[in-house]
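The two complexes that follow have subunit A in common; it is paired with subunit B in the first and with subunit C in the second.
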Partner chain A sequence: MTGARDGFPARWRVGIAALLLAAALAAPFLFYPVFLMQALCFALFACAFNLLIGYVGLLSFGHAAFMGSAAYITAYTVKAWGFEPLTGILAGTAVAALLGAVFGWLAIRRQGIYFAMVTLALAQMIYFIAVEAKFTGGEDGIQAVPRGHLLGVVDLNHSLPMYYFVLAVFLGGYALVYRTIHSPFGQVLKAIRENEPRAISLGYRTERYKLLAFTLSATLAGLAGATKALVFQLASLTDVTWQMSGEVVLMTLLGGLGTEFGPVVGAFIDVTMENYLASWGSWVTVIQGVIFVFCVLLFRRGVVGEIVDLARRFAPGRTEAPPPATVAQTAPGE
Partner chain B sequence: MHRPPAEGCALDDVILETQGLTKEFAGFTAVSGVDLKVRRGTIHALIGPNGAGKTTVFNLLTKFLEPTAGKIVYGGRDITALRAPEVARLGMVRSFQISAVFPHLSVRENVRIALQRPLGTSFQFWRSERCLDALNPRADALIAAVGLADDRQSTAAELPYGRKRALEIATTLALEPELLLLDEPMAGLGHEDIGRIAGLIREIARSRTVLMVEHNLSVVADLSDIITVLTRGRVLAEGSYAQVSGNAEVREAYMGTGAVAGHA
Partner chain C sequence: MRMKLLLAAVAAVALSAAGAEAQSSGPVKIGVLNDMSSLYADIGGKGSVVAAEMAAEDAGPVLGQKVQIISADHQNKPDVGAAIARQWYDENGVDAITDVPTSSVALAVNEVAREKKKIALFVGPASSDLTGPKCNAYAASWVYDTYSLAHVTGGAVVKSGGNTWFFITADYAFGHALERDTADVVKAAGGTVVGDVQVPLNTADFSSYLLQAQASKAKIIGLANAGGDTINSIKQGAEFGITEGGQKFAGLLIFTSDVHSLGLKAAQGLQLTAPFYHDMNAETRAFSKRFSDRFGRPPTFDQAGVYSAVAHYLKAIKAIGTKDPDKVMAEMRKLPINDFMTKNGKLREDGRVVRDMYLFEVKKPSESKGEWDMLKLIETVPGDQAFRPLDKGDCPLVKKG
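Presenting the complex of A and B:
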């Protein structure tokens, strides 16, 4: 019941999921693995972000802080302390979770644009620390991070094992997001998104739910950043800039805000553009901007949002689709 | 009036009491020294012209706003310092002037949101929402009780306005509140819906207390045991419909619309 309203009819979903999984398993034989891994990391990042904007209605403009700090911690612990890769990733993710709990606690009492501003300000503090602190390596970042052997066994320096490892991390993260959305907790989140005063009047202490959602989102953003640090063997300032926080907003909008799979599609489109347009130099940003504006005007619900809408219209026995989730919906009531 | 007003009742019959309840907004006093006593088991109406401060009183009682001064006692307990969710947990649950459903959830899911909180599973993000299916029989019973049995799979946003209000009441009732605060339950409803909701409120009041803001005076006359008239944030009069509608000041406050007297 809920699943169908949120996406495709159930039997389509299973088929599509199976196809996508097969494609993901075969992909490294057809495409450049580093490109795929980069896209998977960003996809996870965007899913984490979407959990917050799409299902709680909170626009964070500081998610790079979680991605970036996890990347730094993982890179540092693996390189300087010789952590095993999985342990390094867990260390980075744990720090992002902690940071998420603190930032969330500071930000969730604010509404709308003020929430975005507080998250941005806090994220800028992380950027400042990344520039100034010694262990982050300043402008150079932490380079030549060894990928090492997963659990001391699997050599991640080969691109195939590394790819399947990243795919597994992504699937794990995606599964957690999916489960969260379709959990008792997820139901309360949707209620808060739809009408927070009403949720309060039913006795829900909504800040606590928002804080948990924020922390989960930060944790998964951290997982994405930590994994990315191993993929590129690098943690750098790029990962903690406000531009990175903005990029994840774009990916999510592009793919479809509040759709389960939209952020993944958005991330793949974004990473593909970046890679194929790389030869255009500084024009990349301009072209990306134009494509973005074009997409948003053409697909107002995002790519996946539009497809889901079409599928719903042609699926027999479905009634009219509810309007898509939008940023404006953070306002309570109708 | 349907029941004799509780006469000579002991102090513990008062479920809700305010003393000197006051709210100032940047120098403007919206609610000023309101003393209100709501007796258990009654339908108590709060009426007054637009801007009188009725919704503000509701917001203060349910702690959606902090009182500038005054005290709120609910069920013998001072709740002035509590926060909104805590007030709801004690059994005083409000509705809103504008219908407040969760528009993209189904009718059944709307009611389940209220039912699920006492389960204590609401933070469990690792469990499937299927564990909430155990709530369906209770949800469906509540939905049927407000006459929405045929709509339970519909998305709340698709319901006509009158049915949204009924859904709202079902959701509120799911919490088993002792005291319901209804802010203009009839606003925007057609004749038929008004009859339905009025019947529902009467039904509810058999086992619960209702404090209701309402502009529709025939509904007020029909349903309420006692009426408090508010103007400019102050209590102007209180009593039965006959007493209140006979009050010259009340007629004055309603600017000679004649509406008050019309139903006496």
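Presenting the complex of A and C:
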């Protein structure tokens, strides 16, 4: 049933996936590994975010809180308590999951802009804790986090093993998102996105679905943050600021809201801009802004969304493309 | 598929070969890493790049080739800064990174430099941890740190009669450290701290804090904050008539660019510590003239410090004829630092450059003869009194004897 759903025949999809996987395996020989790892972490973060906005229609403006708190917990447990990298990542992810459950429980009672504001307010509380608490190191962050040895065997201090470890984490996270979207659970989420009152009238306890989706999204955002803390060997305030919550919106919109692969593309574009335009100084933010405006005006479905749409138009038997999923459309008033 | 992997492998070998070559025999390459777009852009920013370029031009060819200067914006994000630093050291053949304002970014770059055994010449960051517990054999802190700011301002102000203090402190680690260090100095010199108030970072309205400071009747209001927070507290303090009322502000971290944007009317009477002021003597004036001809405004002490650091680094390379980091660091420690802003400065083993520091007071508008005529020298504090003694910093590189 999944074959031609978005215009690509099944064997194309398998082909594309295989090609991308091969590219991912060969990439560290061609590109700078740290840059790739950074992009993968942000890609996972954007996928987690997209799960919520693209498939449930909930615009969270506080996802940095999950990413950042997981980064802090991982950095702290690995550095101060000598946790093994995998345990450290699990600890960070678990805290993000817990936080997600609490935030979600509070936030899903509201919709649209109110939902976004509640998540933003809660995230700012996390930011405040990160600035003030002793263990986070305030504005200096937690520095010099040891990468350690994975399961006591693989030395992550070298770029290559670290890259493949990050790639594995990313693929695991991505697979989880993919599985969620294509499960009956995912179908219900989409139903809630399209028309929540109807889903309720069909007998679904929508708030439970939303809470579960929110927690899952927070957990994956935490996984991304925890991994990022090991990649850069630091956890800092950057990860918990509201700008980070905004950046993930940008990545998702650039790549394609509500597409499976869009957030990954968006994250790569964003991280590439940040890295390769760094010598342009203050122009980075201006260029990012211009690209964002262009994207919103010209390809409203995002890069991947437009490609999928094109494929659909040329696929036999399909003439009309459904309108792009937008936030406004999916967030009816209360 | 097999073809692709093969190509990838070939490319990888070619790349690593190119990288190795760049490291051993290429030109000396220096990266200026700082904030180009946000709150510290005026202090360092493009001006630091200009200063580094001037130092490279003045040095002429080094190891037979022209010195290359590259630059990037770290956006005050430690992860962005660390990623750029890694890439510069690993891939772009950068031999030394300089400036790096914002202590959190500097601490991150410090760890990268330690790991890669490459040189970092810190000018912008104020954290004294860089030469304390986090010290690194490949890093130098060139012009100042929180310890020296606190000691020079605190000590001198008490000596000149300002013996009661009230602190307005930015509520984060940097502010707390500044307040703690300054309060210690004030008490050691016989003064008293009558009170303090903690203010959240990036506060717009200082009125309630300033009223508390006014009500405390302290002679000196110590500003343990930086950048926009300092500017706001002084501006609003002028509106409350604090300086007219006989109280004085003591800024613990103020750059000439801050004074310029405040204006002399609001800033007059403010005392501050700096390692350099463009209008101190013939040499500083000559350098500042050259700098402002190119950049349009006189250098801040950060920008001047970048010149000083890059010039000394290149001098050391020329003296020994190699850019091997271990040898260069040893030579930089051996050579005394002498330039337009430094007299017999010395790079210590913990990375601290010991140099004279100066206490200035902002002129009254009537005393100023031009837009950039802002400060008058009150006191010169010799380096051994301004900076933390070598054995007090908990630097693991310093042998306990």
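FYI, the second predicted complex is superposed on the first by the 324 of 334 C-alpha atoms of A that agree within 3 Å, B and C clash if a C-alpha of one lies under 4 Å from a C-alpha of the other, contacts with A are read in each partner's own complex, and residues count from 1 in each chain.
We adopt the following convention: a contact is a pair of C-beta atoms (placed from the backbone, for glycine too) under 8 Å apart; a residue touches a chain by one contact, two chains touch by 3 or more.
Computed from a predicted structure; not experimentally measured.
Trainee: Answer with first, second, both or neither: which of subunit B and subunit C does A:Lys228 touch in the superposed model?
Mentor: In the superposition, A:Lys228 contacts subunit C only.
Trainee: With the two complexes superposed on chain A, say which partner A:Glu139 touches: subunit B (first), subunit C (second), both, or neither.
Mentor: The answer is second: A:Glu139 touches subunit C but not subunit B.
Trainee: Is A:Asp155 contacted by the first partner subunit B, the second partner subunit C, both or neither?
Mentor: It touches nothing on subunit B or subunit C.
Trainee: Name the contact category of A:Ala26: first (subunit B only), second (subunit C only), both, or neither.
Mentor: After superposition on chain A, A:Ala26 lies in contact with subunit C alone.
Trainee: Give one of first, second, both or neither to describe whether A:Leu216 is in contact with subunit B, with subunit C, with both, or with none.
Mentor: The answer is first: A:Leu216 touches subunit B but not subunit C.
Trainee: Looking at the overlay, what does A:Lys190 touch: subunit B (first), subunit C (second), both, or neither?
Mentor: Only subunit B is touched by A:Lys190; subunit C is not.
Trainee: With the touch criterion stated at the top, can you tell me which subunit A residues are shared between the subunit B interface and the subunit C interface?
Mentor: In subunit A, no position sits in both the subunit B and subunit C interfaces.
Trainee: Which part of subunit A faces subunit C closely enough to touch in the complex?
Mentor: 22, 26, 29-30, 32, 34-35, 38, 131-132, 137-141, 143-144, 228, 232-234, 236-239, 274-275, 278-282, 284-285
Trainee: Name, in rising order, each residue of subunit A that touches subunit B in their complex.
Mentor: Answer in residue numbers: 1-2, 5, 179-180, 182-188, 190-191, 194-195, 197-206, 208-209, 212, 216, 319-320, 322-323, 325, 333-334.
Trainee: Any idea which subunit B residues touch subunit A in the complex?
Mentor: 62, 64, 83-86, 88-89, 93-96, 98-106, 109, 112-114, 116-117, 119, 121-129, 131-132, 153-155, 157-158, 171-172, 175
Trainee: Write out the stretch or stretches of subunit C touching subunit A in their complex.
Mentor: Subunit C reaches subunit A through residues 1, 4-5, 8-9, 11-12, 15, 36-37, 41, 45-46, 70-75, 77-80, 82-84, 86-87, 90-91, 103-104, 107-108, 110-111, 127, 129, 134, 171-174, 201.
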